[in-house]
Amino acid sequence: MKLVPLFDRVVLKQLVAEETTKSGIVLPGQAKEKPQQAEVIAVGPGGVVDGKEITMQVKVGDKVIYSKYSGTDVELEEEKFVVVKQNDILAVIE
Amino acid sequence: MKLVPLFDRVVLKQLVAEETTKSGIVLPGQAKEKPQQAEVIAVGPGGVVDGKEITMQVKVGDKVIYSKYSGTDVELEEEKFVVVKQNDILAVIE
Amino acid sequence: MKLVPLFDRVVLKQLVAEETTKSGIVLPGQAKEKPQQAEVIAVGPGGVVDGKEITMQVKVGDKVIYSKYSGTDVELEEEKFVVVKQNDILAVIE
Amino acid sequence: MKLVPLFDRVVLKQLVAEETTKSGIVLPGQAKEKPQQAEVIAVGPGGVVDGKEITMQVKVGDKVIYSKYSGTDVELEEEKFVVVKQNDILAVIE
Amino acid sequence: MKLVPLFDRVVLKQLVAEETTKSGIVLPGQAKEKPQQAEVIAVGPGGVVDGKEITMQVKVGDKVIYSKYSGTDVELEEEKFVVVKQNDILAVIE
Amino acid sequence: MKLVPLFDRVVLKQLVAEETTKSGIVLPGQAKEKPQQAEVIAVGPGGVVDGKEITMQVKVGDKVIYSKYSGTDVELEEEKFVVVKQNDILAVIE
Amino acid sequence: MKLVPLFDRVVLKQLVAEETTKSGIVLPGQAKEKPQQAEVIAVGPGGVVDGKEITMQVKVGDKVIYSKYSGTDVELEEEKFVVVKQNDILAVIE
């Protein structure tokens, strides 16, 4: 089973956030609000979305930074994914 | 009796959410806010919606992930459905 | 006297909601928030509404499901109606 | 003195609302939120409003139902009027 | 010194509101929320505003009704004015 | 060092607000919410902003009235400026 | 590793804010809400963003003023960056 996103949506898998400090302490609270690193798992076809032509700029395998609040958590066969609109991806990490 | 959606609306039937953990405990609270798996029961004709041309991408029988908050619960002859706009469907499960 | 809706508005008459359970108990509270079944009483002419061409898809006599919150209650000669925009009608019941 | 509305605005004069029940009791509270019957006193010229071409559909003397919350109360020479945009008129009463 | 409004803005000078009742009592509270009568002091050039062509319909000397909440109070050389967008003017008083 | 605004932005320098009354008392509170007189220090190039062609109407040296809430305070080399969009300038003082 | 912004996004690195007064006291509270000086580290390709053609006006190395609230904090290899849309950059410092 796999997720095939519609329109300008992108399926991401979060990279393990290094949210422990150097001394190994887990940072709570505010840390949850930081944008996330993720890998692109699937990319929608783009096309006309809400009356605007959208070309997909990211591809499967890209590592990206996205704004966590805009995504929707999805769970499929006990694996967790995040579905975002491409516009919620801020930058690609090269 | 059946529901015939207008415009870009889609009638969904929720798949039974596996909201019990492996040990059989029902997860309350936050679990209610997760997106939902559903089967497509009926698809509107698309066309010009709110001044924008919309082509329907899903078809009857598709299993989809949608954002629960955007749908409207509908009950017809003691069966429950959810009516969403196609744009609220995040991905098709293949 | 009759109501002649303007633009893309539709006059509905609610069908008696079966809000009693099988054992005859009236469901309060949350039940009030559910979408409603209604019959179409009058249909506006459509045309250019808010700069967008709108074609009317419903006709007098259709039974429809609409989202209750979007309608406006109207009373004329002691009969109650609901005036909605066509876009607030989710599906036709066939 | 008279009010000459600009653009797509319409000047209404509320018809006396029959807000007493058959037994003569005035209905308070919720009754205030109901849409209103009114007579059209003056109609703006229409034309391009907010970048969209608007044709006026109502005429002086029409009896209409409008959504009370959208109007602005105006008082001129001790007479009370309501100025609404045509789009806030739900239906004409014929 | 004078105020030359930009775009679709209009400079108004409030006419003395007759906010005393016949018996001479000043009405407080709710009275402040009523729309206002004013005289047009200066009119912007119109033209393309926010991507839309706007033609100015009012002229200097017009007496108008406007919605008080939309205006901005301005004081110049100890005289008070209100600057509104033309679209906040509801009607001309003739 | 100088500020070169982008797009339709304008750099203003507030004129000393005469917020003391004739008898010399500083007016607190509500006085802070009044629009401001300012001098134009720098003007952006205009052009296509948010999909709309914008022509700059103000020029360096103009004295203007603007709505204080829309501006952003900027400090450069211990001098204070306000950066606004041209559309937040209400009128030029001539 | 480097950040390659998508569309009209710009990666900024905040310049050390001189938030101490002349006598060396750090200003707390309100100071946090002031716009920020930053250096441009990477610039997206522009192009059609949300249906509008956007040309990038800033370039790598520019010192800019931006509105802090609109940016998203990003951390990569223990260095902190801010990703903003070009439209959130108020002015270039020359």
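Each chain carries a letter (A, B, C, D, E, F and G) given by its place in the written order, and its residues are counted from 1.
Please note the rule applied: contacts are C-beta pairs under 8 Å (C-beta built on N, C-alpha and C of every residue); 3 or more make two chains touch, one makes a residue touch a chain.
All values derive from a computational prediction rather than experimental measurement.
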Would you mind working out whether subunit C and subunit D touch using mostly the same residue numbers, over half shared, or mostly different ones?
different
Averaging C-alpha coordinates per chain, one finds the centres of subunit F and subunit G separated by a number of Å equal to 22
Here the gap between subunit A and subunit C, centre to centre from mean Cα coordinates and rounded to Å, is 40
Hey, what residues on subunit C touch two or more of the other chains?
51
Chain adjacency by touch: line, ring, star, complete or other shape?
ring
Contact set on subunit E toward subunit F in their complex
1-7, 9, 11, 42, 48, 50-51, 72-76, 83
Of all residues in subunit F, which touch subunit E in the complex?
34-35, 51-53, 55, 57-58, 65, 67, 86-87, 89-94
